[in-house]
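Heads up, the thing below is written out as structure tokens.
By letter and in written order, the chains are A, B, C and D; residue numbering begins at 1 in each of them.
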Amino acid sequence: MHMTRVKAAVAGASGYAGGEVLRLLLGHPGVEIGAVTGASNAGQPLGALQPHLVPLADRVLEETTLEVLAGHDVVFLALPHGESGAIARQLGDDVVVVDCGADFRLTDEAVWQRFYGSSYAGSWPYGLPELPGQRDLLRGATRIAVPGCYPTVSTLALAPAVAAGIVEADDLVVVAASGTSGAGKAAKPHLLGSEVMGSVSAYGVGGVHRHTPEIVQNLSGLTDAEVKVSFTPLLVPMPRGILATASASTHVDAAQARAAYEKAYADEPFVHLLPEGQWPQTKSVVGSNAVHLQVTVDEAAGRLVAVGAVDNLAKGTGGAAVQCMNLALGLDESTGLSSVGLAP
Amino acid sequence: MHMTRVKAAVAGASGYAGGEVLRLLLGHPGVEIGAVTGASNAGQPLGALQPHLVPLADRVLEETTLEVLAGHDVVFLALPHGESGAIARQLGDDVVVVDCGADFRLTDEAVWQRFYGSSYAGSWPYGLPELPGQRDLLRGATRIAVPGCYPTVSTLALAPAVAAGIVEADDLVVVAASGTSGAGKAAKPHLLGSEVMGSVSAYGVGGVHRHTPEIVQNLSGLTDAEVKVSFTPLLVPMPRGILATASASTHVDAAQARAAYEKAYADEPFVHLLPEGQWPQTKSVVGSNAVHLQVTVDEAAGRLVAVGAVDNLAKGTGGAAVQCMNLALGLDESTGLSSVGLAP
Amino acid sequence: MHMTRVKAAVAGASGYAGGEVLRLLLGHPGVEIGAVTGASNAGQPLGALQPHLVPLADRVLEETTLEVLAGHDVVFLALPHGESGAIARQLGDDVVVVDCGADFRLTDEAVWQRFYGSSYAGSWPYGLPELPGQRDLLRGATRIAVPGCYPTVSTLALAPAVAAGIVEADDLVVVAASGTSGAGKAAKPHLLGSEVMGSVSAYGVGGVHRHTPEIVQNLSGLTDAEVKVSFTPLLVPMPRGILATASASTHVDAAQARAAYEKAYADEPFVHLLPEGQWPQTKSVVGSNAVHLQVTVDEAAGRLVAVGAVDNLAKGTGGAAVQCMNLALGLDESTGLSSVGLAP
Amino acid sequence: MHMTRVKAAVAGASGYAGGEVLRLLLGHPGVEIGAVTGASNAGQPLGALQPHLVPLADRVLEETTLEVLAGHDVVFLALPHGESGAIARQLGDDVVVVDCGADFRLTDEAVWQRFYGSSYAGSWPYGLPELPGQRDLLRGATRIAVPGCYPTVSTLALAPAVAAGIVEADDLVVVAASGTSGAGKAAKPHLLGSEVMGSVSAYGVGGVHRHTPEIVQNLSGLTDAEVKVSFTPLLVPMPRGILATASASTHVDAAQARAAYEKAYADEPFVHLLPEGQWPQTKSVVGSNAVHLQVTVDEAAGRLVAVGAVDNLAKGTGGAAVQCMNLALGLDESTGLSSVGLAP
């Protein structure tokens, strides 16, 4: 494996997204890990913050500055929302910048303002290569916005149906159950183990979750019809994984629905339409870049129902980031990534 | 508390539903626990099977026969589907029989056949006193069919909206996340701790889950409109609790929706509409007979979204059984029941 | 139940210990709940902080001041370590003060200094009525120090053996696995659900955990021999419960060991020595005041091994507090308490 | 990576151990996966049984027969205890046979009889290369017995202390908390998710667990002193991982203890003595072949305390199997293995 190694920095290396990028880069034959940076944790060894990353245990977190990040071929940003823009602007156009945050995902400034309420930074190529036509935009790109975790699985669960016009696009309902790592590593009382274990809760109900407009944006790109999505996220007692249950009014039958999904994902390396009758579980995709999908039609209710599972940190964040980096650098898209999950 | 005690038997005392009935009866001032019966476990002490029921540890499970069950004022049946009918027919009309199974829930024989595929036993008064008019049917009844756990919370989450005509009844979508005890105590590989911990999965997708027609039946009783429900159950990694996320097309706003729910449940002892902005979590209701609800309207998506939480074994099964027994016996409906959950 | 009700205040009502005291008092026929107080949460409704306590949802947390706490028959203190003394000194001698914190547990000032490093407040009657002779000290007491959760179960698991002189008291080893609520509700990164789910960790290893001297103190009161305890706490992924595995060198056999435990706990209402061969599990005691114990002897290793389970918040804190209040007030010791756990 | 690939079969591919071997082999550059076999599951596609192994989804399980297993360079046996011997005897001496079961671990027939009660099959080179001198015995071996999961971590946690003679070898106490996958995939009621979630339990207490003599055997090889081990396993609510807390009487101090461990494991690729003050957690090693260790001395109690963490399925079974295969084949010992865990 005599691959020339690119040098990659990870900004925000003490958080869950940054840790996952590092975990994957440690297994990537074409990447040498350069600077790792933090904010309040700068100065601490990574071993104290991410003890699972044994080979990096003695690396010390540096400050997230231009000086530290300069001189890398690739910079991964895993920062709080709103902080990516300033740094990205200072990095040269030849540096591949992959942003795991939300700053450059939305193409509509007004929508950004409504959901984030801060100044709009613009938009970058959206890192979901499985969307029709999107892969080509990512090849050779030097700025990439990694999708949100919920939008990744929600979009992939509905895209074939919306694109094929077999569902009413203004009647989409998604209920997505996520593990707690999606909420990040900042200590908040409602995310304590004592609170989340043994409990399921809903939050951000009624269209107010920030991932809602991202799902709408993705699906709107696939149809001329108006897209409306009712999106409800659930917090469930597990560290990783999202299971999205998506449905929409339809007049097709289960076989027609399945055919649309088979066609859409036939050549995708990471999207696996399960055998008929087998439904996704998050355990199968944990730690991997795989997306497991299944679809059927409830004829009595008149709805197509699709269920998708991803690891919110892997394909939902860090895996997508690496996948996009591969495309940006012209590497094989799957380099350093796996579709094998860690079960049980 | 000089209440005359009735004598109650529990058939199927080694399972989760039977155990929960016993747990609640141990705290009920008006009940003396009589026979406890099992099938393959007959002959074993309850302490070996339900070690949390310390006061009953030395009780030995008897066979589930007419002789054993005779001589009780109340008989709780917590048996596998299909076994309640034969026993109930042999018990006198003066005995209050409360069936925790599905046998007598559905009023339409054809629907029963389609979903259960066995001979139809008939229907009994349906034990959901919170449905309009239903409480009166349960007072003094001697045969009561306890609702399924999913139908309890799904129905209560949607009933005010359907009854008030503020949603399109043929466009109901319910995704309900349940703890594993809903699947019972029979050992099956997919219910092993190793399989369910760290994982969320969907099952019975596409309208095939047996609780679907029960939800449709309940809601159809509240409207002249055709009721269609897309119901998807999820298995989540916790022992107890269900969180149902229900939605439907609407033209009302959030305040109107809330008003309908406030009105519907104003006098219900166990249904708690949470303060605005506070969303249900199952942890708050575990061990209790409480139902926590919240409702809003997503105006962009045009959907009313209601979320409800119950303990599937308590209000979802054993608590409802005791609540119904109280009504049947003319006791205060809340006797021996609590709206205080066990958290954290 | 025409019991005259005493009026009880709970200081620190927004935390786990305070919440548990309230949960139990809601089911206590002899107590009326008076003031509930908080620190940074003062002014908030309890429903926002402890949503499982539905009957108290509209109660507003007051400041923890003498004025607020005055006028109650009983005051429960569930405060951070070091804060109980100042308040207790201001409360009249006729007020029963039950402290759930550590301030008054240790009888040796030097030991307090070594483990807590703050000024010593003194010691109060120690609220473990199951210790020989201790119950009498608690009857009618007006100041009671509730034991720590680990010391409760560790002490009860070893006391009969130490008291009977059938083990070498300077060779005690306890490894106790606790749910996360024992660490409290303050948000710390290592207590996040994402961190604790799917993981077991050791902490406070090497005798540095503050509960170590409390265990030593308790057992030293039962023997003239020197007591040494190697105590290691583990954090396990569940909200409630402690399972302590205790062992010590012995020359007796399993039957002799069992006889000592049977004799010691024959009349205890909450301590249950399980049938031979049945080992404790925390699930059986969750939500209850029960202690489940089992003991055997490993003859090849020459050690007596005892295992005990309690709910750290119930018998380990709030249940013990109510049990002690009952003794202080001359009520039946079990009033408002149950030995029935919530399983599964 | 132009490695010549050996062809490996996995017998018992539908269980947890077999699945883990396959998961690791999928990432091994020197192995081609040949036959996969099952018992009652023969004829089923692996995708239905191990859905996380996407690249093998269409592989059909064959019967576990000599014909099926013949023609492979390596055969992994992940079979119920007692079944490995008959198959191994039929396989040629040139085939590398790695047994994940217990059949060939114990060197003393009488001990085997006492703990397993079946006919003794003999013993093979024991697959724990981290034991002094053991690595050389595994290089080029064609029959290897993979250690039990508990013995792996218990032995490694105590070996440096026993070998250095700094603890009393007849006073060893190990309490080890394991995730549920260690109990296998056979459906048993006490392993249901409903039973294990929210609960910790002890089992096999008093020296009766079958891994006890294996620990004694391992440590006895390091000292002339008599070795006695009190071993208590705990079942904790997580799928993977073991945390072993081991202690023994000592007269050395913490620095001396640490020095012994540093020396013992300085050159081990997978054993990581954590920085002082940092204690192991299972989450850090999940999915990896790493062993995390820490040691200290409790001077008040006079005991050395060592804590170790492994993934019971990885380094505890499948990872060790691959590590041993690498040694047997003369490959780099770490090929296809990682010390990077999957967290959070």
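The criterion applied here is as follows: a residue touches a chain if its C-beta (ideal position, glycine included) is under 8 Å from a C-beta of that chain, and two chains touch if they have at least 3 such contacts.
Chain identities (UniProt): A, B, C, D = N-acetyl-gamma-glutamyl-phosphate reductase.
Please read all numbers here as calculations on a predicted model, not as lab measurements.
When chain centres are set by their Cα atoms, the one at the greatest distance from chain D is B. Interface comparison, A-B versus B-C: the higher count of C-beta contacts falls to A-B. Separation between the centroids of chain A and chain C, computed from CA atoms only, is 44 Å.
If you average the Cα atoms of chain B and of chain C, the two centres end up 35 Å apart. Residues of chain D in contact with at least two other chains: 16, 181, 185, 192, 194-195, 197-198, 237-240, 281, 283, 286, 344. Of all residues in chain D, those touching chain B in their complex are 16, 179-181, 183, 185-189, 191-198, 237-239. Per the touch definition, chain A reaches chain D in the complex via residues 1, 16, 19, 23, 26-27, 45, 47-48, 50-55, 57, 181, 185, 197-198, 239-240, 272, 274-275, 278, 281, 283-288, 290, 292, 313, 338-344.
For chain B in complex with chain A, the residues that touch the partner chain are 170-173, 175, 177, 192, 194-195, 197-203, 205-207, 212, 228-232, 234, 236-241, 243, 245, 247, 249, 254, 279-283, 286, 294, 296-303, 305, 307, 309, 344.
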